[in-house]
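Each in structure tokens, the structures are laid out below.
The two complexes that follow have chain A in common; it is paired with chain B in the first and with chain C in the second.
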Partner chain A sequence: MFQGLTLEQAPPYIIPIKFYLTAVLYLIAFSIMTFTYALHVSSRYEYEVIAITHIFTIGFIAHIMFGSLFQMLPVMLSTAYTNVVKNAKTIHIFLNIGIIAFVIGFLLNSTPFLYLGGILLALSFLYFCFLSLKTIFLSEAFNALVQNFVASFVALLIAVVFGFTALLGHFGFVDTIKYGNIHIAFMLFGWVFILIISVSYKIIPMFFVAKEFPSFLQKRLYIIQLILLFLFAYAQMQEESLLLLASKILLSSSVIIFAIFSIKRLKQRKRARKDISVTLWYFAMGNAILTSLLFIFANLLHVNISFYIGFFALFGTIYPLINAMLYKIIPFLTWFHLSSNMVFDAEMGNVIAKKNMTMQINLYFFSFFLFLFVPFLHSFILLATIVFLFSSLLLFVNIIHAKKYYNEYIKKKVVFE
Partner chain B sequence: MDTKKEILLDVSELEAPYPLVEAVNALHVLQDDEVLVFRHRMNPQMLFQNILSLGLQYEITKENENEFEMRIYR
Partner chain C sequence: MTIKDFMTNMHRECDHLLTQAEDFLDNGKFDEALAKYIAFKNETLHHFTMEEEYLFPMLEEKSGMGSQGPTNVMRMEHAQAKSLFEKMDEAYKAKEKDRAFSLGESMNILLQQHNLKEEQMLYTMMNSALAEDAEEIVTKLQNYGH
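Moving on to the complex of A and B:
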């Protein structure tokens, strides 16, 4: 019989789950806001578009990433976050007030709200980076995976600085587009991409019985990506168009290389069973390649397809990948916390019903394909958004189910006197 | 340690969490005169704390791409 785990560094179960649930609430808000504003916007620079984009990027993506790191880093490093309960709560509050103020600021074009939101968001990100880097440097482990995490935090810090500077540009202090582009590059090609590759290096071999990623990829890709990002920033600031083009092409090439390796690893897995998460992963990686190619061609041919690139990057690549990761991480997390509390009859496969996961993912696929018809018939965006709203609601229900499962089983915990 | 009886545990074809479950079970029944040879396709980061908390010692004998082996003993 299984004897239980010893994992003193892991934070309480509720911390990652609270971040995940909040993230999905923003996904619901994203659907509602897209439904409300989609027919009236035409450029990515419109304030409504910036508000909707940040609901997705900060509201959804950042919450998922913070929640996952609060759980993953201590377990991998064998070092706990300092005062994790208090610090996670503080960051959660600051982040949420920050997002709400920021979004209201853009929707109402209100300077005080934009400043309040910008400051609170910058503080939340900086404090989270500080806490995570402190945890890393207190631990003795400094393997390739941890180095990848450090690189993603470096990218996040730089992205926050440029994002905040771009915000000042809305009031005429600096060139918003220039700083905004560097902010987006460091966020997407830096923080999000490096974090996704770091987590994939762990999750793909662990949950899919696949081979590990080649060590040159694990040890070198994040360094190459950071160097390219610095070149991009330099080229953008100095308006060196050739260097800017080259850095964009190379940044996209890194994404393509990673996507090809992921597909290859999944294709070669030892126990190739039918798994909806794998389908989602293939879908995300296919879109990552498509997005990168679109980005390269748009820059080479000077065509403005930024809406399509944004759609395929955020909705076609990052979202399904996070969705797939959640359906591996949450059941494992639930089982893992129950086991470390000496509750042994919990089954990972029962944490979230397979049928509900499949239904939610199919709703996402359906909404994605409806979005593809929007260029031909604009009103399709409303239908696609409604379908995605149902997908998000079901994702929320599925996470709640995991939490209920945990609450039910933790009552069986045996307390030794 | 050389005179100890070797018990082989190969979890390299199991998906999470079973490598961890099998390993923790084996650690709990490990006798003084036995050494557990643990094989996996990756470094089992979650296992080390469990090994130490049971007062056991370990020695990593192989750590390459897709190949990890360690010997665990009292």
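Moving on to the complex of A and C:
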């Protein structure tokens, strides 16, 4: 018992920070590309749209998730990633060449680049899954938290397989839309959703001193979600339209249920002071409910509003959650690594100036608001994207500031001979 | 009651004291805030002492893990918390609201992740390694230092 357990603080500070900084660089690239192509695209299947979406999902979201998991999984499970420095570096390199090749492949419609990108991305995701599952199994626990994590990685594995298969469809081997839809469902309703709920079950009670989530959610929701995803995949492949509709409605209902519970938990939190992360959380959960309702109605009424659904899911729900998490985790990590090196005069409040964080988040809210006008006046998309570009640049500057603060203070480290 | 239950409850009580101090602070009631903060600090330091002087050495001996393993990491984090207490003392006494909140934020996250590791790992180990004397140990903890 307890073999492989460790309380050593893994990994080094630079690992999550490197992933976060790279992630935000892709956010900047995303803004620039949206600005460039926004007026020329009309369908979600166009190659430019697929390229831009993946800059956001893999370039930004996946980098953030990998960086955060390298940091959080060991703390939550008391087990460390093996060889974390080397492995994180390898994954970082593969992931980046992969994304760049993949995006170039779509933009230039180049088969070799698409294959190279697809293979490298699949390898990085599979390797990350393997490493994380190894860390999880080393903990030798099989509590609800561990089960949730395993479920999210299972969804990720399946999503990667279907994503890769969908890519083959671009060369005419399979029906891309079917495989692509299963890929998206397993990514969003599976990997991202289950990961967010797993982390929230722990983080919300901890950070906000709130009540635990009900145990039926913690123990059952991930199973229900996986079963629904398999039904969805089956219905999609067999073209069972009624089952497909039912599975879509139920998948969205899980999201609504979780969102409502998380809002309730936050409302009853004991740390009553409202900081910006609480606002962002409410905003994200409100959008999660809205996205799910839109998705349900679009399917019931057969209207095509994929762009809006994608926008509210990625930009209205996942983005603000990440933004909130970054401003909780980065100042703490910076301070924590300094003080565990016996540098005690650093203070978390000085790692990133509060007014710069607030300004960045306000820019994000402003750009979100501007995007809402795009259906009425298409050129608003340019304005909204420019505002979001500034928000992303400021986010980058803020994280750089944290890193500089760390570099400056770590020099004061006293080395005992 | 097991060792784990007793120590876990104590973690929750400390969390609660800090949130109360911050509530007063938020409402500008600085004297009440200071009093609650001091209560939080004393309770937390008392808890650290129970671990460092009593529980950890006992576990190290019983399990043969020595003093350089997980318990050492926990001691290091206690030292980090103590360095925060020094700053929080200043902030609460000088009525520096923003600074007190941001230090409280560090303290909260530090303790939460610290407690999580103790509850998941060390206390669980104590429950099994020290099972025979559990009742006696809990009684001793209840009266510790009194």
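Quick notes
Going forward, the second predicted complex is superposed on the first by the 407 of 417 C-alpha atoms of A that agree within 3 Å, B and C clash if a C-alpha of one lies under 4 Å from a C-alpha of the other, contacts with A are read in each partner's own complex, and residues count from 1 in each chain.
The criterion applied here is as follows: contacts are C-beta pairs under 8 Å (C-beta built on N, C-alpha and C of every residue); 3 or more make two chains touch, one makes a residue touch a chain.
Remember, predicted model here, so these are calculated numbers, not experimental data.
When the two structures are aligned on the shared chain, A:Ser78 is found in touch with chain B and with chain C. Touch criterion met: A:Phe332 reaches chain B and chain C at once.
Judged by the touch definition given at the top, the superposed model places A:Ala272 against chain C, while chain B stays out of reach.
Of the two partner chains, neither chain B nor chain C is touched by A:Lys134.
By the document's definition of touching, of the two partners only chain C reaches A:Glu347; chain B does not. In the superposition on chain A, A:Val209 makes contact with both chain B and chain C.
In the superposition on chain A, A:Lys412 contacts neither chain B nor chain C. 1-2, 5-9, 75-76, 78, 206-207, 209, 270-271, 332, 335-336, 339, 348 are the residues of chain A that lie in the contact sets of both chain B and chain C, per the superposition on chain A. Here chain B touches chain A in the complex through residues 13-17, 20-21, 24-25, 27-28, 41-42, 45-46, 48-50, 53, 65-66, going by the rule given at the top.
Across the complex, chain A meets chain C through its residues 1-2, 5-9, 75-78, 141, 202, 206-207, 209, 270-273, 328, 332, 335-336, 339-340, 344, 347-349, 354. Listed in rising order, the residues of chain C touching chain A in the complex are 15-16, 18-19, 22-23, 26, 70, 73-74, 76-77, 80, 83-84, 87, 98-99, 101-103, 105-106, 108-110, 112-113, 116-117, 120-122, 125, 128. By the touch criterion given at the top, residues 1-9, 75-76, 78, 205-209, 211-212, 214-215, 270-271, 332, 335-336, 339, 348 of chain A touch chain B in their complex.
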